[in-house]
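What follows is chain A paired twice: with chain B in the first complex and chain C in the second.
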Partner chain A sequence: MNVLSLFNAMPGAVAQGLIWGIMAIGVYITYKVLDVADLSVDGTMCTGGAVCIVMLSNGHSMWLSLLVATIAGMIAGLVTGIFHTAMGIPAILSGILTQLGLYSINLKIMGKANIPINNQKYNLMVSLLNVRDVPFYKNTILIVALCMVILIACLYWFFGTELGCSLRATGCNENMSRAQGINTDLNKVLGLMLSNAIVAFSSALLAQYQGFADINMGRGAIVIGLAAVIIGGVVFSKIFHNFALKLLSVGIGAVIYYVVLQIVIWLGFDTDLLKLLSALVVAIFLSLPYLKKRYFTKASNVAAKGGK
Partner chain B sequence: MLVIKNIYKTFNVGTINEKTALEDVSLTLEDGDFVTVIGGNGAGKSTLLNAIAGTWLVDSGSIAIDGIDVTKTPEFKRAKYLGRVFQDPMLGTAANMQIDENLALAARRGKFRGLRSGISQAERNFYKEHLKTLDLGLEDRLSSKVGLLSGGQRQALTLLMASLEKPKLLLLDEHTAALDPKTAAKILAKTDEIVEKDHLTTLMITHNMKDAIHHGNRLIMMDGGHIILDIKGEEKKKLTVEDLLAKFAIASGGELDNDRMILSK
Partner chain C sequence: MKKKLAVLLAAVMCLSLAACGGSGKAEGNKVYNVGICQLVEHVALDAATKGFEDALKEKLGDNVKFDEQNAQGDSATAATIVNQFVAANTDLILANATAPLQAAAAGTTTIPVLGTSITDYASALDIDNWNGTTGRNISGTSDLAPLKDQAAMLNELFPDSVNVGVLYCSAEANSQYQADVIKAELEALGKTVTFFTFVDTNDVQTVCQNAADNSDVIYVPTDNAVASNTAIIDGVCRPAGVPVIAGEEGICTGCGVATLSISYYDLGYTTGLMAYEVLVNGADVSTMEVKYAPNVTKEYNKEICEALNITVPADYKAIGE
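This part shows the complex of A and B:
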């Protein structure tokens, strides 16, 4: 255990955290804005990478590969949206169905469970080799951070438009939205498409970063996304009220998650248990509002009554 | 303005909970009619309003608003013609959004929502003026989240939202029932004012007989999914609570046994 090895691992953790931060922003759109827990992201988090790596390997440009990967995610979101709105399947189940279906599709896209890409041979946007000792404009951390800032700016603009406002209203109060002439079904589909597009984009970055796409790379993605949303909320909710800053806090939340993860690994924690740890941490944080309401509000009510 | 012809609605068809909520209901509203709807629990008042609003589609019969057949039109498309205020103050507004954003949503009812800005500065000033008329101090809290407002304030805001973009028909579903008496009176006065000013055709459900008598130019009473009384014109003006109770007894063939309605006379 030397501090230097932890220090050396940090740039990688930050870069990975930022990439997952983009993914978490996608989760934020469904989970917080639209008030739908979308599990299809576990599938999309592989689809984006699979499409991107296959296209790059076939000689397509990096930009085109990223674009098509993003569109693939969008289509996955569309499918979940149709399951949910047009076919009346509960949102959680719709996501699970899409996720399961995507497993086969991802295998078909890649042709096998894991496909590598050579960072030396192909012009990649990001790579784990580019986190240190490279000119700053090639640095993966900077490039991903820039992507995130641009994404947040776009989302901030979008959710301020008429359509974006109606999307927020849909997540907040469906009855009211329909009474105000908002097509809530269409909005849910749009929100799911937007969210999954962002997740697939992040997946494409992740595959480039780690130098391969893997059928299991999306496993538990929703939990990491939620963890980032929750950590961001806990750390920054008191100071960040603006929508753009809230999105930023989600991105930073993912970075914190990965830095903490790195520290836990450095401390010698059994890496087999990491997912269990993540699940427990997220479970605890998700239950906090409920536990607070159930045990602490009651106690204070009783105290207030006793006071009278 | 509104023509309802022989509508039927049965819930939970084929189950033990099957309930015929509307049975052969027909109703025609003239332009500018302000109709109060009264009746006990389960009489079909809210069902009638929801049928008009399109919360679900009716089993049979037809509904036309201003000559446009909306029988099969989904709720969000019908919203173009309708202003609605719900019984529950939480239902009519988006709690996580700002006061001005809520108004901006209402101002775009029935219009295409594209990628233009969701709210402009000119709009904000316009809303400020409108909010002043509510006399609740909301004009200084444009960027407050609606969730921070009281039930009465939220209901007043919903009423303003319902009338911002002049609707062909205003639907009020016991919109003062969840409020304290003082606030309820204030909201009712405001309702009268808005209906008067914009000459709105209105359908207002109430459980309060006095309110039903004192407001509007026409009163209908419902019972068991039917309209059993329809009082308008001079007769409505002279109507008293006693008259209404007597008429109910004759029309329904039984005593009015709804506690909630008697208590509120």
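This part shows the complex of A and C:
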């Protein structure tokens, strides 16, 4: 085991982390801004990749493929939104229903469980191959980072508009927003669509990066997304207050998650325990703010006094 | 207090990192580092990995080191593992199952990659005009069951059957391909073939019941979802009196009457010998032909055959005897 190989592995971990970071920004919009836990992303995380790879292998251009993949995610979000608002199904159940339905839809989109994309045959935007020893403008890390910055800029602008503000208000206090004449149902649907579109875009990048789309690729995506949101929040909450910076911290959270995962694999940790580890990391970071407030605020004051 | 703890933790971490860095330097004979990425824990895949390691250990003794990683069925983790192997500049990567192979193909064009337990390299790697070699840094072994022989076997045991149902999971990468091939083979023998597919294990019983009601014989390919649900399939098909021909031995033990079986251990072993050629003799992996299972055996499940009153020809071997 040598440290150099871990160091060499970092570009790959960072690239993968950035791709999931885009996905985590999607999760942030539902989980933090809209205050809804949307589980449909487990399905959308495959849909985007499936659509993109199928389109690319049928000879469509990269931009069109990415666009259609994003729109497919948007439609998935619309379905969840309709389940939740127009049909009155609780948000968490709506997400689960969409995710379940998407499993079949994803199979139909791909026609089989797994479709490859040959990175020698197609000019892919990002690839695991392009993380080191390539000209910098072809480097996956740079391209994904650029995508993320543009996305954050667009979202920053959007959430500053009247519509974006009403969306944020809906998440903050639904009853108050309705009293102000905001159509909260419409805003929820809009938020879910926006979130799933971003997730599908990230999925399209991920499928290209790893060289295939697979029916199981979205499994557990929500946990990774939440982990990124929470890790980013805990690590940067003291420094980043601006909304754009908060989105950025989510992206960095995903990078931290993948760097940790890479270290765990480098250490030769028993991979049977990976899922348990992920669950524990998320549980610890989720409970940290609560535990801090509940047990450490008073205790540390007492300790400080006692110490002096 | 908290600060002290944090400093202590950081110090411990630094020390352990330094300790790791010190070890692992090999002197003397060249030690080959082989990275193994297996998709998921599974009897067949485990056997292939074991066969691979045994072959290389026999040839190279202590001069080979394995870094065995399991992606736990998570395709994104396969990419992370491959990234680690590429960064460590391993001498060879063994990709056990389809998703790791695809991740390895996306991850490196220089490190030799051998696949095993892969059914069809052309469809896994998106290669047109398949001619037996991949033409890039990839070769390996295929677990494609001898489908033509299996179709012939089905006809030999049940010459009067007309309707054959093919039962498999549509969310499995390799099953669709096998189903399509066996359909063509069986139709050439004059059978009517119907597909019965389920998308996850919760639907197995219902779909299987439907298959049993509408078929004289059922064929199941080497399908992971079927492999883990043989008890349900047996529970439906045996009372219905419908025999099942299985794609491999493990499934046949659980619910089939007979199979033409390949050994995943042998398959892994063959892959190990290929690895030796690449590592030591400098064989060019891009021109190595993809190899198939070295030998197949006709096997039958004694218990189920007796229950269904089926007598098998003398050249069949009872499983487990």
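In this text, the second predicted complex is superposed on the first by the 287 of 308 C-alpha atoms of A that agree within 3 Å, B and C clash if a C-alpha of one lies under 4 Å from a C-alpha of the other, contacts with A are read in each partner's own complex, and residues count from 1 in each chain.
Note that in this section a contact is a pair of C-beta atoms (placed from the backbone, for glycine too) under 8 Å apart; a residue touches a chain by one contact, two chains touch by 3 or more.
Everything numeric here is computed off the predicted structure, so don't read it as measured data.
Visitor: Here chain A is shared; do chain B and chain C fit on it together or clash?
Guide: When both complexes are placed onto chain A, chain B and chain C end up side by side without any clash.
Visitor: Between chain B and chain C, pick out the one touching the greater number of residues of chain A.
Guide: Looking at chain A, the partner in contact with more of its residues is C.
Visitor: Output check: A:179 vs chain B and chain C. Expected answer is one of first, second, both, neither. What do you get?
Guide: The answer is first: A:179 touches chain B but not chain C.
Visitor: Report for A:239: first if it touches chain B alone, second if chain C alone, otherwise both or neither.
Guide: neither
Visitor: For A:87, is the partner it touches chain B (first), chain C (second), both, or none of the two (neither)?
Guide: neither
Visitor: Between chain B and chain C, whom does A:164 touch in the aligned arrangement: first, second, both, or neither?
Guide: So A:164 only meets chain B here.
Visitor: Scan A:265 for contacts with chain B and chain C and give back first, second, both or neither.
Guide: second
Visitor: How far apart, in Å, are the nearest Cα atoms of chain B and chain C after the overlay?
Guide: The answer is 29 Å, the least C-alpha separation in the overlay.
Visitor: In their shared complex, at which residues does chain A touch chain B?
Guide: 158, 160-166, 168-169, 172-173, 175-184
Visitor: Chain A touches which residues of chain C in the complex?
Guide: 1-2, 17, 20-21, 23-25, 41, 67, 69-84, 86-89, 98-99, 102-103, 105-109, 123-127, 136, 170-173, 175-176, 199-200
Visitor: Would you mind writing out the residues of chain B in touch with chain A in their complex?
Guide: Result: residues 53, 75-77, 79-80, 82, 84, 86, 90-97, 101, 104-106, 108-111, 113-119, 161 of chain B touch chain A.
Visitor: Note which residues of chain A are touching chain C in the complex, please.
Guide: 1-3, 5-10, 12-13, 16, 57, 103-104, 107, 112-121, 127-129, 131, 206, 209-212, 214-217, 219-220, 258, 261-262, 265-268, 271-272, 274-275, 296, 300, 303
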